[in-house]
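Read through the structure below, which is laid out as structure tokens, and then see the notes.
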């Protein structure tokens, strides 16, 4: 042990203290404490958007009911083909992805999954991505009464087509605008998922919280690139992609720490969580819950 | 149904330069359900880099011999890369995280009597499994095996004895001097199923050969295995899609084996 | 090999082509082509600031003359004690540092090292960090005539004390101002080292190039944090620190790629380079040279 | 002068739970110049994580026995962590990147005749080296060895036979029930040099014991080893500084061994 840490004395088992089985500890958390529809999870560990499909794909492989919640793959107003191949590249302790929001569109998602989701104990949060503020609001309204939908997460790491391609999540005004529009369109709990590719995450977090977000989740992926040296061109068909996995954890922890000190709404931390220890880092940084993304692929 | 399990390393045999046949102990329930063409995702670097599991085709799945025993999975693994280099140095008892069996493998219909297999590269692994399954059903098997040079060929001792094996090398150092697809013509009249595991240009050549076919028979159905870099291996990340006549499909779940006529190849 | 790549045919050795020994290839590069004082390096691999001291520390351990150039530890106007301990933390495929610019101040550096540097073949570039635009300019003027100083690298990832602590490198106007002031104070080649903690690296790169930078280097470290779960507090004495090492490479490659397409001055790429292959990624992204930092500690 | 080299793993011996004595072959020129208290930076995870080399004190450096032969370095290594867990599983012939010998070790002046060594934790490694060097110079050696419990003590068979060894355990399961610093008093009159390698609170207690000393002798000089997380190990990154009466000093280059009276301890 490095001597910079004083040794922690091993405390003897306190005789007489009740032995609590893990099950008896209440880990539940309400991620929308100011919303009458609330968003109560039995435990604070969620599956992150884009890494868990619509929940059904992993249903046979792992016990999805043990999760606090599932966040769906990003859904758009209309069907999307997504980005050209290749779409993923491994990087040191991380990966790049440019899936390009391939999805069947919100109508198809609403036709297919709510009946399944509403039979599950585990709440499902639908992740939305839009080209315009209006699209976000329209989709939020469509979800408002859907059965089996416990909340909405807004992916604002996408360009605003109506505003010259500026990313919603990179500008406090745009981010607030889309949050307010969605807030007005639904009474469902609304989580706004922040992008880390900004100079000042705190200003954006404040703007979004003030605009009515019930909770914030952070971080989405860092914009990155890998080049195939043999073929002398970018690995990804989309040229750039989003960096995720353990590599980004220090950036994510820092942002959660900064934002937690600045806003009053619950924070869902994510970015590189691959172990209980990693999750605890986020809780200590100020998160009320965590999401696990890339690490789902790595164990 | 795939399972997540910890596989115990049994042994590895250098079958080719930089390629080893690795044997892993696996739960009986896994080994019992593998179909040829399916794969596993295998991990196990120490630390967090490399991070992702790698897909490896299953060369042979041996069922447990008695109740309570484990099954065995054999993989033909390239050991020169970052992902599995360590497999060649593993020791008996080392364990690795595995998910599998995954994907949709080859299917040989009830009435198939003669199958033509076309293998180039590590795809020979999956086709050994398929050849053995076919022979067990008394289906006649011919394998066209291609490689750049004789040295890059899996030694024929690893192939089932009862299969007819025809070799092609790009440099002519063994068998036919050229591509496996040069050898097709004679077999299009013979086979009532064709299954291939090779780089995509081979599939394009195969498709062209089928188009050129002027014989009398209905052409046999062709199944080919596709590869894409993978992250999840179970169909959630949409990282591994290929274009088909029915839209984008995942290699890891809808594939890796697809009917050739459904694929939109470059 | 994954079949997404068509196999590269092994080309037979071209008989008759002259066998070139590696030594005979000219790898030299001028990083200040528009500056009469030029900055010609024999090869395009530099030691990054803060990871190579003042060059003298590694002199016995490795052949420093084999480097293209050495960038000194960051130097400030006056002596600095630096940040409280602990100052480093390992992270997945990377590390955090918060050294806090501990250095003896420019006068002491100028007294001690130029006599040594001027005896070396390998050029030395002095990395500067200032609290104000004036400090940067003053130090640049002091270096202008120093022997053994081949160029200046400006670390603009530090707060402008006169402007409420806004980082020089996070604002195009401030970044341009400090660049112009230094440009006016010295004829030495001036490299401006960009921080990646910004929404829009391209705008800042353009501003700095227009203000007279001879070259740009990028990236400095990503702001990150690690928390010691056992002690329930940040690992670093400074709370946050700079993330470096292979983990950040995809972000660095992306930024070099974006900036190379936007400016005409040479770009020095860095961030996570740990192998020849990594360096080639940066060259393919548009860099004219590369720096190696953290990986110096890892081999 | 430190060297960068590739060390060949020879063997490892579980000396304690989660602690192994690891023997590495090293260049003769390295083994020949090690002084007790110096350390090496040792790496070798596969892949890029963990990234940094780790510092390990040198427990014993054995010179090459004949020209052309290699030397041997012995390290006492905690094998429960991320950095060196794999060392316990290494095989003969495995190689690891090493830089060393590094830092400034203990110095026993010409006139030292009786040295008191104080070891708690893995510091026992460096002090075994120092004890052997002292005994070779006919200096009398007494070692105060502390640990939480008897099970966490390095077996005494690893300590030089000719040293007097006195044990203290926090739980009283062996030797004195308490801290090594409880045992100092008798030795302050005896020793003419004190060298310690222990957690910092032990140094604070040691300093207090020296302050309390009311005996007749000039107190012996005390040298102690400090530890800090390290990145470079050679004094360039300034990641490992400690406060001294002469300003900040690096543990890796100026230390790890410092005169106790120059350190500003918390």
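Order of writing sets the chain letters: A, B, C and D. Residues in each chain are counted from 1.
In the analysis below, a residue touches a chain if its C-beta (ideal position, glycine included) is under 8 Å from a C-beta of that chain, and two chains touch if they have at least 3 such contacts.
Source: prediction; values computed, not measured.
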Neighbouring chains common to subunit C and subunit D, by label: A, B
Centre distance in Å when subunit A and subunit C are each reduced to the mean of their C-alpha atoms: 33
Intercentroid distance (Cα basis), subunit C paired with subunit B, Å: 47
Interchain centroid distance [CA atoms averaged], subunit B/subunit D, Å: 54
Contacts with 2+ other chains: residues of subunit B: 47-50, 228-229
Residues of subunit A engaged with two or more neighbouring chains: 4, 85-86, 92-94, 245-246, 274
Chain contact graph, described as a line, ring, star, complete graph or other shape: complete
Footprint of subunit A on subunit B - complex, ascending: 1-4, 43, 47-53, 97, 99, 228-242, 248, 253
Sites on subunit A touched by subunit C in the complex: 4-5, 8, 85-86, 91-94, 96, 170, 197-200, 222-227, 229-234, 239-241, 243, 245-251, 253-254, 257, 272, 274, 277, 280-281, 284-285
Residue ranges of subunit D touching subunit B (in the complex, touch as defined): 45-50, 82, 85-86, 89, 91
Contact set on subunit C toward subunit B in their complex: 1-4, 6-7, 9-10, 92-93, 246
Subunit D contact footprint on subunit C (complex, rising order): 50-53, 57-58, 60-62, 73, 81-82, 85-90, 92-95, 97, 99, 102, 245-246, 274, 294, 296-299
